[in-house]
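Take a look at the structures listed below.
You will see two complexes here that share chain A, one where it goes with chain B and one where it goes with chain C.
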Partner chain A sequence: MKRILKSTIAIIVLSMVMVACGPTTSKKGGSKGVLSGSQAERAYVAPGEHDEYYGFISGGFSGQLAVYGLPSGRLFRVIPVFSQDPEKGYGYSEETIPMLMTSHGFVPWGDSHHPDISQTNGELDGRWIFINENNTPRVARISLETFETEEIMEIPNSAGNHSSAFVTENSEYVVAGTRFGVPTPQKDIPISEYKSNFKGSLTFLKIDPENGLMNIAFQIRMPGFNFDLAHPGRGDSHGWFFFSSYNTEEASTLLEVNASQNDKDFIAAINWKKIEEYVAQGVGTMEPARYAHNVWDDHTHTATTTMEKEVLIINPEDVPGAIYFLPTPKSPHGCDVDPTGEYIIGSGKLAATITVHSFSKMLKAIEDKAFDGETYSIPIINYEAVNYGSLEQPGLGPLHTEFDTRGNGYTTFFISSEVVKWNIKDLVVIDRKPTFYSVGHLMIPGGNSRKPFDKYLVAMNKITKDRYLPTGPEACQSAQLYDISGEKMELLLDFPTIGEPHYAAGCPADLLASKSVKIFKLEDNTHPYATKSEADSKVVRKGNEVHIYMTMIRSHFSPDNIEGVKVGDKVFFHVTNLEQDFDVPHGISMLGANTSELLTMPGRTETFVWEPKEIGVWPFYCTDFCSALHQEMQGYVRVSPKGSKIPISYTIDEEVPGEDL
Partner chain B sequence: MKRINYTLFIVIALFLISCGEGNLNGKDAKKGTKAVWDITEDPGIGPIDKVVLKELDPALAEKGKEVFKTYCSACHKIKKKYIGPAVIGITKNRTPEWIMNMIMNPDGMMANNENAKKHFAEYAAPMANQNMTKDQARSILEYFRLRDSEKK
Partner chain C sequence: MKKDKILMIIGSLGLLLLFIFPLWTITLVAPQYPEPLGMHIHINRLSDGVQFNDVNNIDLLNHYIGMALLPTEDNVKNGKVEPFAEFTIMPIIVVIMSILGIIFAIIGKRNLYLVWVVVLAILGSVGVFDFYLWLYDYGHNLDPKAVLKITDPITGELMAYQPPIFGFKQMLNFEVYSFPAAGLYIILSAALLCILAYYINTKRKTRLN
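After this line comes the complex of A and B, so read on.
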């Protein structure tokens, strides 16, 4: 009872602080003249000019990843990842439906959180971007040549995959974690038996350096703490991975109180190189599991789902010397490693300080066995022995830290809505700037690598309140761009984002722009229903299935008059875009089809299914404005009654395609 | 009512002037197989200076048929006006150099060659540059020669 009372008071106090901070900063920020003319010019990219950086900002509950230009904040593209996107036919076309398959069946929505660009020698290499899904634990890999999702791996024995999808400094691994402990493997037990029975799996996915393909190398069966965020070691600490955790209380109800009891929770330090050695020696148990592995192929232009059947489980007691806990105050959220790899920054959500651990001290403490006991067979390193120091009273509600090349950290404060610049070695605050409002993550391009590009910082806000024209009860969320090239940070730009701008990754534009794919070569298209010339376009009946091998080119479909389709048929439109020119997609939609349009890139084949329910003559048309005669790009399918004797026929301009050759 | 439709038709026809006589003359011209290729010695502009024609090479023509099918059939039919002109008769009236230059250098031809400009003015769509190689263009030429050698 006393405990509850105490907690309640704490919550009330916290709420008052939040209430007090919100509107006050709001008034201040709303006043004009914050930006001088020269500041506006620095975020201005003239019409026709290109941005200096790519920014990849996740969409949170939208499930997607949006591509912006920085410093302009202009939105270029939304890459569909974990959610269907009818605009592009993603998750609707027969070829992309397998991308969203899981062990629970087809899941049309996901919650995308942390994008991370692949690295070589600790620097961004611009090959792929990885991103995690929280709700149905998954990790996706996106090609930075096509800007399309190429692979999605479901994570078994996990829930709330939040401490993900961060990569090691040579892209050896991308990790997945477990924020919501679950019985592992799943079983039917009382929720009250959380302690000991619920586990928090940490999963290491090996990345094939040639093609990026992921496979689960091993899964560490950690205690049921809530593993929240993670970052890899780099430089000297390469080979280690650090995961923050809260709820070391192992509560299963009213977590906002019951998971906030312990003075300190843990950052888990995982020596994955050592675990690799153990695995090579045969340590670990292969356990049955069931998880979907979805892979896209740019030659067949088709995704396939493989249901994987087992996973290698590592128990902490089997890998002595590979896993340690670093005590870290008050439910640490952000867990960030500076560019040198020496400092591990833990941001206790409820702490009044930022905790800085030292990697070299950690190694020494391990050598000296400076432990304060252990939990679940995992040694707990003495706090003083690992701690470098703390930044005292920097603000309220520290969350995440990114870095520049000059030894400074930049930390966001959710409750006091600000970004604070501080010197890591000296543990002193250098500057603070308000955000509008309730900032979560921040991003400096390469800010979690050995080589940050420290000109701009993007802060991502959860709440915008009065910052933009109102659009009903749902306000947009936003990103804010700061110039961090000088001693003081300068706010340059505000821009709204898709969904919740949860986290971002960024890189110099020239790392990606020149290798961006323009077309898919028709000659490389091995889709089983590809139609590589108009003369080959045709319609084939197979029982009640009708397969239309259709081509698209400016500005007609072939064939475009089709008869002999009957009510009850299942009609497959396999459309190939014959264009081999950049920026000439064609779309197609069919009146009465219970699916989205297709938006087909040059050289690609895609399929949608139409099951006509009514007789008549029904039109289809190109949905992408492809040319001056775009509207003319249309055709008809005649649907006859079930049992009709009308044979399949197909023409364009009253001739069967190719008959004159 | 009829008059309104007629006026409307004229207006649309004028508007689509680049579509040219195909639209104005309607079905007859469109379906007609009369050669669009007036006789000229024009070699065109592009990478091809001189083509020496020998006896028809059926194997090369067969290869040209496949290239034509892949790259050209979306816009050209043999005997019928389509997106672009019917190709029948072309080898009888145009030089082999002009034909290959048109295939390999459509942008340059449409911009600077009087005969090509004339065709461009007549058809709605510009001919696409498909980066055809000399061998590909030569094989297409052979396929055209084969089709022009056939009895009607």
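After this line comes the complex of A and C, so read on.
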């Protein structure tokens, strides 16, 4: 207890000293008034005009990914990924429920953190965006044509999938590093036996270049450190992946103190190309595991879950020369690689310095065997031998760095609430601007690639306090847009976000806008319950199951009068939107159904289940304002008592669909 | 081969391009349709003017004002609407005119060229008039159960929705544009080539005399 108290006091005193020594910047606006200058104009996108960039900002504990326009900060869409979304029927419709299946069963919520856009030759290619889930370890792939989640892979032997979902420069792999050390495979042992029994898995998911489908190529069984963030090498360092870690103390309790004792933790440097070679030679052990692999199909408009049964485990001692530790001060969070691939930036979140490692020095150190011993058979490279230098006293609590094309890094400082621009080669601070408040990650479109689009920077804040009108005890979290095209950064705009804006990815609008899907072609729809014309709409009873093959088109359902349903039946509404026109979705909801609406895009078929519990005549209607006669788009289902002899019948305009032919 | 014959053959064969290119295009712009809807009218079919499924989408909007269904492939197949006889007749006429043109070219008599171009002109005029009749029919022959029934503020009568045959007309929320398409210019070019052939032939004859 005494030690805790001492450490806490030490941190408080240190913070005070740092703040006192730190730069003084006026709060509120952070400049001579955003409204007085041309800043407002530069973030203004006139009505009907389009933004210059897409910004994909994760929703943190909302489990989703939100799509904004930059520089306007306008919210376009929330893509449901790891959490149910009743607005879109995601995780409620029979077709999307499998997307949220895991080895623990159906999980309705997730914690989405780090989106990353696929790359080709180190540049954003705009095919997919990947994002990780922290709580139930998963990685999702989202199509940037449909802006929908297409695939979710659960990560076995992991807990708190935090250092994820970053992609290599040709989208060979997306990674998933565990934040918690856990017994691997899981077993019933005392928590106090953490050391050496708990492991930290680093998982490499191979991406199929044709269709993006992921599979776990191998999993490296690292010591039970807590892996925090990661970034791939690029250019000369392509083939390597760097993971920051904390808790090299391997504590299992009161980590805020016990995991903050070592002066230096590690950045793990993984030569995945070398491991690929080892794997090709048969190195590694296939171990039993159980994890869900959920895949969406845009022809059947249905997701399927496959339970995978094994995973290839690589132990560090089996792959000599492929894994090294780079000592990095004070529980590094950010682990960022500059556009040239030479500098690896470690942000010790309890340190007052930013550490810059050099990739070329690292190679030389490995060649010279400049090691300070090893831990768990992993060589620890001598700090001096790998370190390029440090940026001293840039602020307090460095978290994350992204880059421009002019040799500068931009680092967020959580404790001192600011963004600092600094030159990597010269290790000098160029500019600093306050954030409001407690900034976590920042994002420069393409800032994780060889080719950043360095016009804007988005900083994401964890706390807003007095920045917006109050809305009760829960204040919104926010993003802030800075213009970084000049020597000094300029704050242009604040905008609130959904959930916790944890991290983001961005790209020029023209990379995606022209290939955005408008409709799904009805002729390509292979859903087993698709109804491709009104004449084919029908109702079929199978025991106590009633299947309604229903169509929607402006502005009616077919059939819209259904009788013969009985209490105790399980009624499946298989609803096809016959529209083939852009921006004409239809919705449907049923009074008494214990589920969400469906929101069905043109050409798609979706299903919800209704189990009527009371007799009567119950209405359903279109929930998306589709047309001038949207309000008329409705129908009735008659529910008779259990055992009733009333047969199934169905009509539209008093005729059986298709019977007039 | 003589120049006039070549021109005549090119013009006649050129007519066969009508199997690819549309004769006329109707385009609809509305606040909800910043990317317009379009419909191409060919000698044998209707086709999407701007993007996929335009014709069906126009058909769908037409039902609000009670306009008859368009003779799309699906509608005809499902027995919802009678096929246009024109879509059967016009291709035959085009093929006949093409063959006839080639025969006349081979014969190489300038009066035959004249006959060919006059027949083409008559057929073209009849075609345009027929098109006008269809537009009138679609614009006036409205379903009495139509959901949108709007009276003309001036005449007090139920509004008709006859699209323009040439040019622009505002129809409710839609700006309707109707203009000849590549097909019509193909016919005009064929006619011009034929006239040119006639002159070349005449000139040669005068020189010989």
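The criterion applied here is as follows: the second predicted complex is superposed on the first by the 631 of 661 C-alpha atoms of A that agree within 3 Å, B and C clash if a C-alpha of one lies under 4 Å from a C-alpha of the other, contacts with A are read in each partner's own complex, and residues count from 1 in each chain.
Basically, a contact is a pair of C-beta atoms (placed from the backbone, for glycine too) under 8 Å apart; a residue touches a chain by one contact, two chains touch by 3 or more.
Bear in mind the structure is a predicted one, so any value in this text is a computation, not a measurement.
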Tell me which partner touches more residues of chain A in the superposed arrangement, chain B or chain C. B
After lining up the shared chain so the two structures overlap, which partner does A:629 touch, if you call chain B first and chain C second: first, second, both or neither? both
Could you say whether A:655 touches chain B, chain C, both of them, or neither, answering first, second, both or neither? first
Which holds for A:532: it touches chain B only (first), chain C only (second), both, or neither? first
I'd like to know which partner A:580 touches here: chain B for first, chain C for second, both or neither. both
Kindly classify A:556 by the partners it touches after superposition: chain B alone (first), chain C alone (second), both, or neither? first
So, A:432: does it touch chain B (first), chain C (second), both, or neither? neither
Taking the stated contact definition, name every residue in chain A that is touched by chain B in one complex and by chain C in the other, in rising order. 533, 535, 553-554, 580-581, 628-629, 661
So in the complex, the part of chain A that touches chain B is made up of which residues? 522, 532-536, 551, 553-556, 558, 578, 580-581, 627-629, 653, 655, 657-658, 660-661
Where on chain A is chain C touching in the complex? 519, 521, 533, 535, 553-554, 579-582, 628-629, 661
Sort out for me which residues of chain B touch chain A in the complex. 65, 68-71, 73-75, 77-80, 82-83, 124-125, 128, 130
State the interface residues of chain C toward chain A in the complex, per the touch definition above. 35, 52-53, 56-57, 60, 64, 78-79, 147-148
